[in-house]
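In the two assemblies presented below, chain A is common to both, partnered first by chain B and then by chain C.
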Partner chain A sequence: MANDREVLREIWDGKLPICFQLAQEEIMEIQQPDPFYVMVPRLSYFPLVTDKMKRHFLRYISQENADNEMWLDYNGQPLKWHYPIGFLYDLFCGNDPQLPWTLTVHFTKFPETILLRCPNKDVVEAHYMSTVKEADVLKHRGQVMSTMQKKDHNQLWLGLQNDKFDQFWAINRRLMESHGDNEGFKHIPMRIYSDDGITCQRLICPKNNDGSRKTVHQLLSELYPDKAEVNLRTHGVLIPLDTPLQWLSEHMSYPDNFLHICLC
Partner chain B sequence: MGDEKVPDDISQADSDNTKEVDQKENGDSVKSDKVKVDILLKATGNAPIMKKKKWAVDAEKPIGWIMEFVKKYLKLEPEEKLFLYVNQTFAPSPDQIIKNLYECFGTDGKLVLHYCKTQAWG
Partner chain C sequence: MRPSSSQATGISPETFVYAARDFIELSDKYMDSWTIYQNDNEILSTHLKREEFISHRDQRGKVFLYRAEYVIFYNLSYGVPSFSFNVWDCTGKLLTLEQVRDISLMKTRKEDFFSVVTQQEHPVLYKPYFIIHPCHTAELLSMFRKTSKNLIITFLSLITPLIQLNLPLEYGLL
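Coming up: the complex of A and B.
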């Protein structure tokens, strides 16, 4: 069980200052729009926190583009809305912190081959719930999610969407329990991203063959036997190599129940 | 659009396994050896059945690519929807790589994907 409440709270409260700027070629007014500054939760998703920003910039663009889907880039790299914001920051700026994080807002030239379409927040919810289900298949063969009621699923989503820690964790704690006589999950839901754009997801057991708790260091030597020095970053911190994977999963997972980790 | 041709890098895995073996024996210059994995496509709900269910696909491709392939194979209209499910539980996002899903959810050497035209498992 996730027992270190201070850690859970600290992770939940993580925020990033963002400076949104409208792409120059989109500006149709003589007067330049002011950049839009906002603090956003690291655990959230861009479509959940950008309504106000969108309204701010709509006045400055050509009205024929006003109904187009908005998208964001950092340094020319389109940002995938279906990844948590904090993870995107760690991926692009982890080694070279830049605050506030300056992003460019677009209403035209949607990069179809890179980004998924996100016409409304229901799509974000569907993506989120599906990821939680995938994580639960790895942890408990899907048994927790399938025995929960629809209202519990809603509560998870609303807790995240409305930034309500207690509401979210009242349900999420059930997803963080170990089942049977096992101390730990069946497998650890974890995605490791390297800067070449490759995502690695494997069946990772929280225990070694001798029953001891598997650490980050042991995992890295299994996954990357040839690499001498690898570090992992999540929520803006480098993970100490002696951290047990089970503890990491219970406390440092994103609300979608996955650990999203950058290789560095 | 609409003919029976399949893309170069997808091949029928059940009836003509030999085809792949032949390629490997005499064709080391033909292609760089891409890792392939077997997927099994099962219809559910109101979706039409595919005649060939088992396919060997490039492991590095994203799930969205399989979705496009199935839509083409079933001759669905562009606006028709197709949902793919793993373990009859969750819908992987279209940019998830087949290899990752195969490693985590493959059984007996293949990844089973259920497809349907309406949402089946939420």
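Coming up: the complex of A and C.
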């Protein structure tokens, strides 16, 4: 169980200052638009926090593009909205922090070979719920999600969307319980990303063969036996190598119940 | 889904690869056009691919041509084969989910359609693909496990009611 409530709260309250700028080639007015500054939760998704920003820039672009799907880039790299904001920041700026995080806003040339379409927030919700479901398949063979009611699923999503910690954790705690005699999940939902764009997902047990708790260090020597110096970053911090994977999963997972971790 | 039914155990990546290789021999034999992609260092990236042109006649009788790509890969979390696809129009633009439905590539009611397929980042190819949800695959496949001669063919037979795929009838002789 996720017992270290202070850690959960600290991670939930993590925020990032963002500076949005409209791409130069999109500006159709003589007057340049002001950049748009906003503080956003690290655990949220861009489509959930960009409504106001979008309205701010709409009056500066060609009206024929006003109904196009908006997208964002950092330094020319399109940002995948289906990942949590804090994870994207760690991936692109983890080694070289820059605050506020300056992002460019586009209304044309949607990079359809890189980004998923996001016509509305229902798509974000569907993507979020299917990721939670996948995580539960890894942790409990999907039994927790399948025994929950629809209103519980809704409460998870609304808790995240409306930034309500208690509402979210009232349900999420059930997804963080261990089942049976086992102290631990069947597998740890975890994805490790390197900056070459490759994602590593494996079936990771929270225990070693002798029954002891597996640590980050032990996992790294299994996954990257040839690399001497490997570090992992999530929520803006380097993970201490002696952290047990089970604790990490219960406390440092994103609301989609996956650990999204950057290799550095 | 009932808790009991979700306990159907999946298959291992090795079983998937073995069935995929077996399937490719059959595909070649019956002049179907699937190809297999394998990487010796990464068993999880093994996948099967087929590309073809499809045509669709709209309500006014005008015929449009599309290019479709189908990819079968191993879904690690669910331990099952998964089906994914993309469709491009003749200008090279990717079709949206609405458009895929409009050209009757998939045959379901609108409400059902969006609950069985969504656009996702492909876990093997790392690009946007439409992926058919794997949540019932394990239990369905396990029902046929004793009688199935090839896991991929059994899996495809579960997909074909949803998506317009022309398969050689010879697969049924097995």
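Following the convention adopted for this analysis, the second predicted complex is superposed on the first by the 264 of 264 C-alpha atoms of A that agree within 3 Å, B and C clash if a C-alpha of one lies under 4 Å from a C-alpha of the other, contacts with A are read in each partner's own complex, and residues count from 1 in each chain.
Here, a contact is a pair of C-beta atoms (placed from the backbone, for glycine too) under 8 Å apart; a residue touches a chain by one contact, two chains touch by 3 or more.
Remember, predicted model here, so these are calculated numbers, not experimental data.
Trainee: With chain A superposed, do chain B and chain C clash or fit?
Mentor: With chain A as the common anchor, chain B and chain C collide in the superposed model.
Trainee: Which partner chains sit in contact with A:174 here, chain B, chain C, both or neither? Use first/second/both/neither.
Mentor: A:174 sits against neither chain B nor chain C.
Trainee: Figure out whether A:199 sits in contact with chain B (first) or chain C (second), or with both, or with neither.
Mentor: After superposition on chain A, A:199 lies in contact with both partners, chain B and chain C.
Trainee: Quick one: is A:186 in contact with chain B, with chain C, with both, or with neither? Answer first, second, both or neither.
Mentor: neither
Trainee: May I ask you to name which of chain B and chain C touches more residues of chain A?
Mentor: C
Trainee: Thinking of the overlay built on chain A, is A:80 touched by chain B (first), by chain C (second), by both, or by neither?
Mentor: Both chain B and chain C are touched by A:80.
Trainee: Tell me which partner A:112 touches in the superposition: chain B (first), chain C (second), both or neither.
Mentor: A:112 sits against chain C, while chain B stays out of touch.
Trainee: Quick one: is A:143 in contact with chain B, with chain C, with both, or with neither? Answer first, second, both or neither.
Mentor: Second partner only.
Trainee: With both complexes overlaid on chain A, does A:164 touch chain B (first), chain C (second), both or neither?
Mentor: neither
Trainee: Under the stated touch criterion, which partner chain does A:129 make contact with: chain B (first), chain C (second), both, or neither?
Mentor: A:129 contacts chain B only, not chain C.
Trainee: Going by the contact definition given at the top, which residues of chain A touch chain B in one complex and chain C in the other?
Mentor: In chain A, positions 80, 82, 116, 126-127, 130, 133-134, 137-138, 142, 146, 199, 201-203 sit in both the chain B and chain C interfaces.
Trainee: So in the complex, the part of chain B that touches chain A is made up of which residues?
Mentor: Going by the criterion above, the answer is residues 86-87, 89-97, 100-101, 103-105, 121-122.
Trainee: Which residues, counting only chain A, touch chain C once they are in their complex?
Mentor: Going through chain A, the ones touching chain C are 80, 82, 112-117, 123, 126-127, 130, 133-134, 137-138, 141-143, 146-147, 189, 197-199, 201-203.
Trainee: Would you mind writing out the residues of chain C in touch with chain A in their complex?
Mentor: Going by the criterion above, the answer is residues 1-3, 6-7, 76-78, 93-94, 96-97, 114, 118-121, 123, 126-128, 133, 135.
Trainee: Within their complex, state which residues of chain A touch chain B.
Mentor: My answer: residues 80, 82, 116, 126-127, 129-131, 133-134, 137-138, 142, 145-146, 187, 191, 199-203.
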